[in-house]
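Right after this note come the structures.
First chain A sits with chain B, and in the next complex the same chain sits with chain C.
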Partner chain A sequence: MSELLAEIPASALVPEGHYGPRTPAPGVVAAQLSQLALATVAVRPNALDLVAELALEKLGLALPHGPRTASAGDLTLVGTGPRRFLAIGEGITGDPLLERLGHAFGKTAALTDQSDGQMVIQLSGPRTRDTLAKLVPIDLDPSVFKAGDAAATLVALIPVLIWQADPAPIYRFAVPRSFTPAFLRALVGAGAEFGLQLTGTGRG
Partner chain B sequence: MSRLSSGGLIDRATPLAFTFDGRSYKGFAGDTLASALLANDVRLVGRSFKYHRPRGVFSAGSEEPNALVELRTGARREPNTRATMAELYEGLEATSQNRWPSLAFDLLSANQWFSSVLGAGFYYKTFMWPAALWEKLYEPAIRRAAGLGRAAEQADPDSYEKAFAFCDVLVIGGGPSGLLAALTAGRAGARVILADEDTILGGRLNSARTAIDDAAPGAFLARARAELSALPNVRVMPRTTIFGVYDGGTYGALERVGDHLSVPAPFQPRQRYWKIVAKRAVLCAGAFDRPIVFGGNDRPGVMSAQALRTYAVRYAVTPGRNAVVFANNDHAWSAAFDAADAGVKVSAIVDVRETPPPALLAGATARNIRVIAGGEVIATSGKCLSSITVRTRGGTETLQAEVLGISGGATPNLALTSYFGGRPKYDAALAAFVPDQTPPGLSVAGAAAGQFSLAQCFATGAAQGVAAARDAGFAATPAPLPETGDTPTSLSAFWHVQGSKGLAFVDFQNDVSAKDIAIAHKEGFRAVELLKRYTTLGMATDQGKSSNMAGLAIMAELTGQGIGETGTTLFRPPFTPVALGALAGHHREKDFRPTRPTPTHDWARKQGAVFVETGLWLRAQYFPKPGETDWLETVTREVKAVRSSVGLIDVSTFGKIDLQGSDVGVFLDRVYINTFSTLAVGKARYGVMLREDGLVMDDGTTARLADDHYVMTTTTANAAKVYQHLEFCLQVLWPDLDVQLASISEQWAQIAIAGPKSREVLAQVVDAPLDVSNTGLPFMGAVEGRVMGGVKARIFRLSFSGELGYEIAVPARHGEALTRALMAAGAPFGITPYGTEALGVMRIEKGHVSGNELTGQTSARDLGLGKMASTKKDYIGRVMAGRPAFADRDRATFIGFKPVDRAQRLRAGAHFLPLGAVPVMENDEGYMSSVAYSPTLDHWIGLGFLKGGRARIGQKVRAYDPVRGGDIEVEVCDPGFVDPEGERLRV
Partner chain C sequence: MRIPCPYCGLRDAHEFSYLGDATVSRPAPDMPDAQEAFFHYVYLRENPAGAHEELWYHAAGCRQWLVVSRDTRTHEISGASFARAPKADASHAEVKP
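On to the complex of A and B.
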């Protein structure tokens, strides 16, 4: 356990702030994002083709095949399993997102609000991959895992969804709400070596 | 000082102060503790394990058997650190171990006088009588006498990390073959990781003076290192030991990030444990110089010939004033020549061979080194070596020597090749085992493959680099090899000097002598694995890296079998010791595993809650008030408040699963023993699901919110397991069903209120037009609506406590606000927050089953729930639940208990016996699963499983708990202690 975490209760979010050596710019910038709405989209049996058509027509979005993401405007779909997706709407809340998806997909898919169930944490900065090497047991080399790729995996015993949002690179994690304190502890422990700036978690 | 005036890879501009056994010394950056001690004329470094014999530095690498020290002090004290691997840093503190009162004068060195009775397995033979003394006297005494260092007694203040890396080609070892393999694969564009346990790349080239491309090896090394660091696809990991090979091309590696510093750099771990996944790997781990077995071969000053070379060339140290080399092979001559050329006075080479190669004889002559061909060292003398006795063709002769470099030949470092069960094969020409079958994806190059000469190392390294890169999909091409003269490598197999004087050691670390091998042979422990266990040959921290071969060879001589037929023990990971801290990484103390707070955690903390871990969750256990002296007092108050007025508890930890689709009813009918397809919209039902084997998996309530929309709750413990089970059913068993699942455990906070006043409290937080009256929301009703002025909510009229009760679910972010709103609304009624303890008491009072009863060994009938099982449909577990044993009348089934003497306390875990029966297994009739002090009844009550179950209501049995000293009479009763008719639920 990193010394930095010794005084922070394991049940609390790691407070926002700078962790690790003071460098001109932090090596990693971590942000817990708010203003996001999330929903699972579970397509009914034999309706995948129809949903793909509806997604293109109503949302302007090519349904991702496999563990990939697809975005149109403020809406992103992440493939999380066969016939399953996590929808992420930026700048809106759960109900409007469900309405929008419901309008698009009608009865072809089951929709479930997850806006309170999953926290989204974004990582960027020059040492992001070095930090993730200590957390994620998958190969994030740009030749293997590219912008638009996604994976369901484990970080420090925590089930997460990771996707690369930008080649910069920017990565995002969806973390179950109650696991967020533990996820942040692992993240800060891993990234502090490079100087980690954390925002969005409150003052503690 | 024994530091040579020039040369070496040390930085003479950076002197470093250090202490050993409290005395101050100086070394240089680039030294190891071993080289710095030798440079300071410290030759006695440790005491041996069993005989406490003085020992010095034997090797210059990770195979070191002797020079084990305690490094650092206090909480960072680390025992059994190999001085040959400890890089010197300013202020390093080292202490010798396993000696008393001092390293120079160790009382237990008297052990060696009794070596004739302390041979292999002595403690099995010698300390037999009286038997009673074994545990109390003999074993403790032997353990105290035999040993290594002392572990730190405080928590490790440093941090450790785990990390993951991926590559096309992993090169293990950065010597000549590893460098060529990495360069070749790297140039082809493959992602290469080159891991080397040393501080600097180069392996043997850092210790040799052999010309490469007509220049000293340093020039080649500088070019190679520069090229590797310039290749963006190559990652060089120094101070990194590959310690294991696992499935799927996974390699375990330990990076010593901060071991070379007094304390790790800020925010840096001490060590980092890597899992490296490689498409291909090339093992270039070199070879060990093995000792020859002869009397007194363990004296400080006796070291491997290659170590002598390394100390002279790499560290510019002459490890004693007069060096002699005793060997059976050419390579040792090269070592002697390099040491001499570096400035060490090498006075003689003793070679067991009658006619060493002429080129070597010429080399010796040129350096004025005397050659004793056909000679053997038969004795040594001095506490630290001062002279040796050599048997020559003409008789015996004593030579002055403070250093004796010995070499019985090279043993390929092939440990990793046998981690998948591959058995090394014996190569008689090399007198060594070489790799045979290797783990998938791993090939071997250089000395590790028995290709000992420098030219062979370059050639096989490059070839394996090409092959590995090609296998990984890269068009690698062989490049011109560095030019080097082929170093001579011939040898004549030789293991053991017959008729030498004194104890002749095979394994220095475990004090196994040639005599012990003979004992093992005589007593029948001849197979190599038995030999190892009986004599301890090849055990402990060095795992026989240098010693195994001679031990096997001596056993082969004794049995008359060949060495190949005798075979070798298989190596197992880790290659070198790995600290537990590194394996744990981040996961220690608070971070041992994730902690999951509930949505109302902060609120509960402010109320003074005491928390309890339930799985990963942290739940409020009870809420003590000032003046309450123990938990039972608090819990009793909480229970009474619920039963008399109203209480509140966070039940968000229950698993919650959203089910949508036209076939959900059909699906639930198949996974639950009871029927759900007939459940009306707006209603909830308690359900029990079985495993395929007919035993109960979980229970909970499921509500129907719409024709095609249900929500299921599971127990906290089984949330993930039930979800996984449902996924399995849908993906594998019935993929045609129109059912879509989503876990909503984290999405919804769920707060339960219970007690006769709970409706009045609830009514104050719901938004119109939601009707929570007894008609609007009857028992087992489920509605969706809004609370607190617009927050969407699901309200279920359910009860675990047995009182009128509701569970209100809101999106998790509103969980705390809902709690505050309910607390405010309930203030006039004295609403009382309660925890898992009170919840448990009330469910026991009601006779509800919970985790203590859902053990994975109980059927629905065992739990008294058999009547719920539908006979009109099929469901998972139905057939297996019909097995005769489950219907046996004598089977222990669920029932209640109360003490006959109501003042007595019950204990969960107590076993039931008929009154008057002796407490033996044959009389066992079941056990108490849950107990509580019932504030409602004012005495202890219990639930459990009793042979015959309900048929025995009214009988008395004995509750026998020898573990906690309980032995009382209890009365068998209905498990519904409070409101058995459930009238309070329906008010």
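On to the complex of A and C.
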């Protein structure tokens, strides 16, 4: 496999396919998710309470308190810092997401489209935690990191936002787009021993 | 060494960058002894053996500046708080949806 990774251009995504030993079912399923829109939400000073009210009233979701997620329908907010959130809309593009957030929050928050800035990688499968133990410097044991928890941290020196989308477990990573080739290399290197199936990256 | 970020929780020191002494504060430039005060502010630092307050930036996490209380002899950390305290609620009236 290291030979394969040596031949892929450093700037290209790792091509979709199966990496590592063939097991009846892959130990890790990794997918680059498309048809997602992303935007940062930066709440103005002293406006957090107001934004929380507006989120509940206009979007039907309880603003996450701390590094956690909250979802309503196809919209998810992830806490990334004090008064900072990443909004993720499924099945839409950036413009309608910003329109929807702008309609809800008005001038109480600054919105920036990040659909072109970040890629979202989803990990599932029975050996996901064994793979992430080699990559993520924070404790993902279910006793301390549960579905709905999020963390901004580093993977292979790459700044990422990780959140647990499902107790199964399913984890999602928002990765800066130009770092995603390196992120996928680290991921495939860590997960191949368990049999890793990668989708959504095309021919790389 | 791990730093207890008030937003992110306990994190490895590698996620932070270090600035240094958090106990100095910028003097007023229009004071009569401003030159002397700025010399102290820019160049002179205590070098305590023991409890110290330092500025750390959580670059790989919540991207906030923290004031961390660290024992310089043992690296034991007794606390951390946001360096920027929430400002008085002066601008709230201007923020309307």
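Here, the second predicted complex is superposed on the first by the 200 of 204 C-alpha atoms of A that agree within 3 Å, B and C clash if a C-alpha of one lies under 4 Å from a C-alpha of the other, contacts with A are read in each partner's own complex, and residues count from 1 in each chain.
The rule is short, and it goes like this: a contact is a pair of C-beta atoms (placed from the backbone, for glycine too) under 8 Å apart; a residue touches a chain by one contact, two chains touch by 3 or more.
Since the structure is predicted, the reported quantities are computational estimates derived from the model, not experimental observations.
Contacts of A:L154 after superposition on the shared chain: chain C is touched, whereas chain B is not.
Legend: residue contacts after superposition of the two complexes on their common chain; A:P67 is shown touching chain C, with no touch to chain B. In the superposition on chain A, A:D116 contacts chain B only, with no contact to chain C. Of the two partner chains placed around the shared chain by superposition, chain C is the only one that A:G106 touches, whereas chain B remains out of contact. Of the two partner chains, chain B is the only one that A:L5 touches; chain C does not reach it. Legend: residue contacts after superposition of the two complexes on their common chain; A:R44 is shown touching both chain B and chain C.
Contacts of A:P137 after superposition: both chain B and chain C are touched. Of the two partner chains placed around the shared chain by superposition, chain B is the only one that A:E193 touches, whereas chain C remains out of contact. Ranking chain B and chain C by residues of chain A touched puts B first.
Shared contact residues of chain A, touching chain B in one structure and chain C in the other: 44-45, 82, 137-138.
On the side of chain B, the complex with chain A involves touching residues 159, 161-166, 191, 266-268, 275, 277, 586-591, 593-599, 601-602, 617-618, 658, 660-661, 731, 735-738, 740-749, 792, 811-814. Across the complex, chain C meets chain A through its residues 7-9, 11-12, 14-15, 60-64, 82, 86-87, 89-92, 95-97. Looking at the complex, you find that chain A touches chain B at residues 1-5, 10-12, 20-21, 40, 42-45, 82, 94-95, 109-110, 112-118, 133-134, 136-139, 141, 143-144, 156-158, 176-179, 181-183, 185-186, 189-190, 192-193. Contacts from chain A toward chain C in the complex involve residues 44-47, 50, 54, 66-67, 80-82, 84, 105-108, 137-138, 151-154, 159.
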